[in-house]
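Presented below are the structures under discussion, each in the form of C-alpha cells.
Same chain, two partners: chain A is paired with chain B first, then with chain C.
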Partner chain A sequence: MSQETLFLKNTETFAESMARCGVKYHFAYPITPATDVMKRTAVILPRYGGTMMQMESELAVSSALAGAACSGKLAATSSSGPGMSLMQEAVSFMAGAELPCIMLDSMRVGPGDGDIVGAQSDYYMATRGGGHGDYHVPVLAPASGQEIVELMPRGIRLAYVYRTPVLFVIDGVTAQTTESATLPEYHDYAADYDVSDWAYTGTGKHPKRALITGSYAHEDGFQMNERLRRKYERITEAEQLWEEDSVADAELVVAAFGIHGRMCKDLVRALRAEGKKVGSIRPISLWPFPQKAFDALPDTVRQVLVVEMNHGQMVDDVRLALNGRVPVHFFGKTGGDMPMYTLHEMIAKTNSLLGE
Partner chain B sequence: MLTKCMFSGSGGQGSALMAKLVCLAAIREGLKVVMTQTYGIEQRGGDSTAYVIVSDEPIGSPIVEKDATLAVALSKSIYDLCFEGSAPGGSLFYNSSLVEEPRQPDGFEQIGLPVSDMAMKVGSVRAANMVMLGAVLGRSGLLRLESVEEALKETMGAKKPALLEMNIKALHAGYEAGREG
Partner chain C sequence: MQDLGKNFGKTLNLDKLTSYCPGCGHGIVTRLVAEAIEELGIRERTVSIVGIGCGGFSHHYMDIDAIEATHGRAPSFAVGYKLAMPENIVFTYAGDGDSCAIGLGDLLHAANKGMPITSIMINNTVFGMTGGQMSPTSLDGQVTATTPRGRDVSWQGYPLLVPEMMRAMPGVKFLARESVATPKQIMHAKKSVKKAFECQVRGLGYAFVEMIVPCPTGLKKSVRESYDWCASQMNAYFQPQIFKDEMEQSHAD
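For the complex of A and B:
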C-alpha cells in the first residue's frame, strides 16, 4: 500500500499503522473501546501476509502473543483495562523472557468492568509494570491519529532493540475520535532486526537450540534482574519523549498526556493571548517518564498543574520528577457523559491558580 | 482557519452523513478534520449529533464545547441543543419545515430553510440533509461544492447510483438557496 490520507477512527488508524509497519500476528478479544482495531486488522492484515486471530479470552490472547513473540515475528494485541488486567501474567513473563511485542490499551473507566466511556485510568498499571516482578514496559501515549502513525515505528524499534513488550495507551475518547491521518507506505520494521541468536526459528534447517524462559534460580535470578536493571537504565536515559509548548518563560506549566495534553495547545494559545505566562508539557513516553523535561524547567515556573482523566495517577510522577521544587496541583475527572474536563474548565482552573 | 461544527438531527435524518461528507470533502481540500460522537446511550429514532472541526493546521482540542461556529438542526427536538451550542458570531441553520417557532438568537445569526419541503420537491424528504448541506456550503463557503459532490459520489456512487442523482440535485437546490439567503 502506498502513502495515503484516510479518514479513520483512531483505533482503525492503530490497525493500519500496525499492518503497514510489519505486525504479522494480531491476537485479540473484543472489548469496547478497542474492538475496532481487530475488526480492521481482520480485513487488512492478510494483505500484508499477516493474520488476526480472535481468541477465546484475553488469557488466551496473551499466551498466543507470548508464543508468537518466541518466533521473533512481530505480534500484537489490543484491548482495554479489563482485558489488560487478565494479560498481566503473560506480560510479566515476556518482560522476564525478554520478548518483543506491541500492545494497545484503549483505556476506559475502571476499576472492575467499570464503564465503556474513555478514561486514563490505567496509567498506574501501564507504568508500574502491571504484573509481578521488578520490570517495566516502555509506554507510549499518542494524542492523535497522526501521532499513532508516527509512533508505531518507534514502538517497534523499542520492542526489538530492547527485547521488551511495548505498550501503547490511548484514552478511549481519542481512540474513538475519527480524524484524518496520513498513513505511510508499507515497511516491515521488525525485519530490520536480527533475531537469529534468540528466536525459535524451527529445527528443519537450523538445528540450533535456544532457551526462552522467565524462570531462573539463585545466581541466575540475580543476573537476570541485573541485566533487566541495566536495560531499564539504558531505556530511561535514551528514550524519554515529550512535547512542550511555551515553557521557556512560563510561570505556570500544565502537564497532561493524551487528549488533555492535546488540548493544552489551545489552552496555552488562549491564555498567552491574554498575556499570561502559561506553558505545557505533554509526556509522550509515560515510561520512561520524561524526567528531563521537568529537570529543565526554568526558574520562572512557580507552579505546575496536572490534568488527567482519572483521580490522580501521573501526578505522582510529576511530583517525583519535581521533588518539591514547586507546588504541584491536580485537576482530574473520570466517568460520566463527558468523562473529562473541558477546555473551558481547564482554562478556568488555570486562571484560578493564577489568582484570577 | 478553524471552524467548529455540529450536525444534529433525529435518527435517520442523516446528520452523521452530513458530517462525514464535510470531513471527506475537507480532506480532499487538504484540510485537517476531527469528528467526535455524542456520548450516552443512543437509541433508534433518538436524536444524534456529530461534531466536526475543520482547520488548515493541526487541530488541538478535538472537542466542540458549546462553541460551534456552524450549527445545523434538522429537527425540532434537537433545535434547543443547537441553539445553546452556538458560539457568538456563529451561524445556526435550522429546518424551518419542522422548527416552527425559532428562538431569538443573541450574538449569532440564524438561518431558517424549509429543507424538508425543498427535499420533497427534488424527490424525497430523505434528502433534506443534502439540501441543508448545500445551503450551509452556499452560505458559509466552508468548502467547495465540487469537493462535497466528489465525496458524495465516493460514498454513495457505487452502491446507489439512482439515489446519487437525487442527492446531488438536493445538494444543488440547497446551495442555490444558501447563496440567495
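For the complex of A and C:
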C-alpha cells in the first residue's frame, strides 16, 4: 500500500498503522471502545499476508499472542480495561520471557465493568507493569491519529531492541475521534531486526532452546530479574518522550497526556494571549515517565497543574518527578455524559490557581 | 557406556537425569512422545509447549525447542504459535490439573478451532507436583490431600471426561484415551501418540490423546500398588479407547 491520507476513526488508524508497519498477527476479543481495531484488521491484514484471529477470551488472546511472539514474528492485540485486566497473566509472562509484541488499551471508565465512555483510568495498570512481578512495559500515549501513525515504528523498535511487550494507551475519546491521518507506505519494521539468536523456531538451525520463566534454580530467578532491571534502566535513560510548550519562562505548567494534553496547546495559546506565563508538558512515553522534562523546568515555575480523565494517577509520577520542588495540583474526573473537561473548564481552573 | 542414542535416536535426551518420581507415568509418556517425533523425522521443526506441573519437565528430556507456558494456557500458546509457524509441528504436553482445571476453556477452544495441533494430556487424577490434591479427574470417593474424606461428587463434581466433550467437534480428527497400566496398553498407546503427531504432519486437524497414568507419590501408593490401581480403578472409569480416527477419510485443504 502506498501513502494515503484518510479520514478515519483513530482505532482504525491504529489498525492501519499496525498493518502498514509489519504487524502480521492480531489477536483480539470484542470490547468497546477497541472493537473497531479488530474489525479493520480482519479486512486489511490479509492484504499484507497477515491474519486477525478472534479468540474466545482475553486470557486466550494474550496467551495466543505470547505463543506467536515466541516465533519472533510481530503480533499484536487491542482491548480495553476489563480485557486488559484479563490479559495481564501473559503480559507478565512476556515481560519475563522477553518477547516482543504490540498492545493497545483503548481506555474506558473503571473499575469493574465500569462504563464504555472514554477515560484514562488505566494509567496505573499500564505504568506499573499491570500483572505480578517486578517489571515494566514501555507505554506510549498518542494524542491524535497522526501521532499514532508516527509512534508505531517507535513502538516496534522498542519491542525488538529491548525485547519487550509495548503498550499503547489511548483514552477512549481520542480513540473514537474521527480525523484525517496520513498513513505511511508499507514497511515491515519487524523485519529490520534479527531474531535468529533467540526465536523458538525448532532446532533445525540451532541447538535446543527452551523458554523458561519459572525459576527452578533460585539463582536463575535472581539473574532473570537482574537482567530485567538493567534493561529497564537502559530504557529509562534512553526512551523518555514528551512534548512541551512555552515552559522556558513559565510560572505555571500544565501537565496532561492524551486528549487533555492535546488541548493544552489551545490552553497555553489562550492564556499567553492574556499575558499569563503558562506552559505545558505532554508526556508521550508514560513509562518511562519523562522525568527529564520536569528536571529541566526553569526556576520561574511556581506551580504545576495535572489534568487527567481519572481520579489522580499520573499526578503521582509528576509529584515524584518534582520531589517537592513546587506545589502540584490535580484536576480530574472520570465517567458521566461528559467524561472530560472542556477547554473552558481547564482555563478556569488554571486561572483560579493564578489567583484570578 | 553403551551408546543408547543408536537405539533411541536424537529426540530422547538420555544424558539428562529424570526428575520424575520413581514409577511416575510421565516417564513412559515422554518416551512415547519422543519416539513418535523420532520416527516421523520431525525433530528439527517440532516445538513442545508444556503446562505447569510435572508435565512441564517433559521437554528437558527431549532435544527439541520448548516453551513453558502459563498455567493452563498451553493450547492457546499453541494456537498463536501454529498461526505464526504453520510449517512447524507444535504439541502441548500437560497434566489433568493444567488441562482440565485451569485450562479447560483453552483446551476445548483449541480443539474446536481444529487447527493442526497435537495435545497430549496426562491424567493421573491428582495435582502431582503440589502434592496430590484433587483434580477435576479425581475418582468418585478418591481420597486426596484436599479431599480427606474422599471426593464427594454431589458438590465436587464427577470425574471429568475430556475426550467425550471433544467427540462432537468436527475439527478434531484424531481422538483417543490410552493407558500405561500394562505393557500391552503401552504398546497400544504408542500407536495413538504417533497418529496424533502424524495427523498434524499431514495438516488434517486437531489431535488429542489422554493418557491414563499412575502417580505413586501423589496417590500415596507404592509403585506396584499404583499400577494396580491404575489398571483397575482408573481404567474401569475412564475406559481407554479410540474415539475418533478420521485420518484416512480426511484430506488437508
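In this text, the second predicted complex is superposed on the first by the 341 of 356 C-alpha atoms of A that agree within 3 Å, B and C clash if a C-alpha of one lies under 4 Å from a C-alpha of the other, contacts with A are read in each partner's own complex, and residues count from 1 in each chain.
As a convention for this text, a contact is a pair of C-beta atoms (placed from the backbone, for glycine too) under 8 Å apart; a residue touches a chain by one contact, two chains touch by 3 or more.
Values in this document were obtained by computation on a predicted structure and should not be read as measured data.
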item	value
Partner chain in contact with A:V304 - chain B first, chain C second, else both or neither	neither
Partner chain in contact with A:L343 - chain B first, chain C second, else both or neither	first
Contacts of A:G204 with chain B and chain C, given as first, second, both or neither	second
Chain B versus chain C as contact partner of A:Q146, first or second or both or neither	first
Chain B versus chain C as contact partner of A:D266, first or second or both or neither	first
First (chain B), second (chain C), both or neither touched by A:I170	neither
Superposition-derived comparison: chain B or chain C, residues of chain A touched	C
Chain A to chain B touching residues, read off their complex	5, 7, 117, 144, 146, 173-174, 176-180, 259, 262-266, 269, 337-339, 342-344
For the chain C and chain A complex, residues of the former touching the latter	43-47, 49, 52, 56, 59-60, 63-70, 73, 76-85, 88-89, 105-106, 109
Residues on chain A engaged by chain C in the complex (per definition of touch)	24-25, 27, 51, 53, 55-57, 59-60, 63-71, 73, 75, 89-90, 93, 200-204, 208-214
Residues of chain B touching chain A in the complex	20, 23-24, 26-27, 32-37, 39-40, 58-63, 65
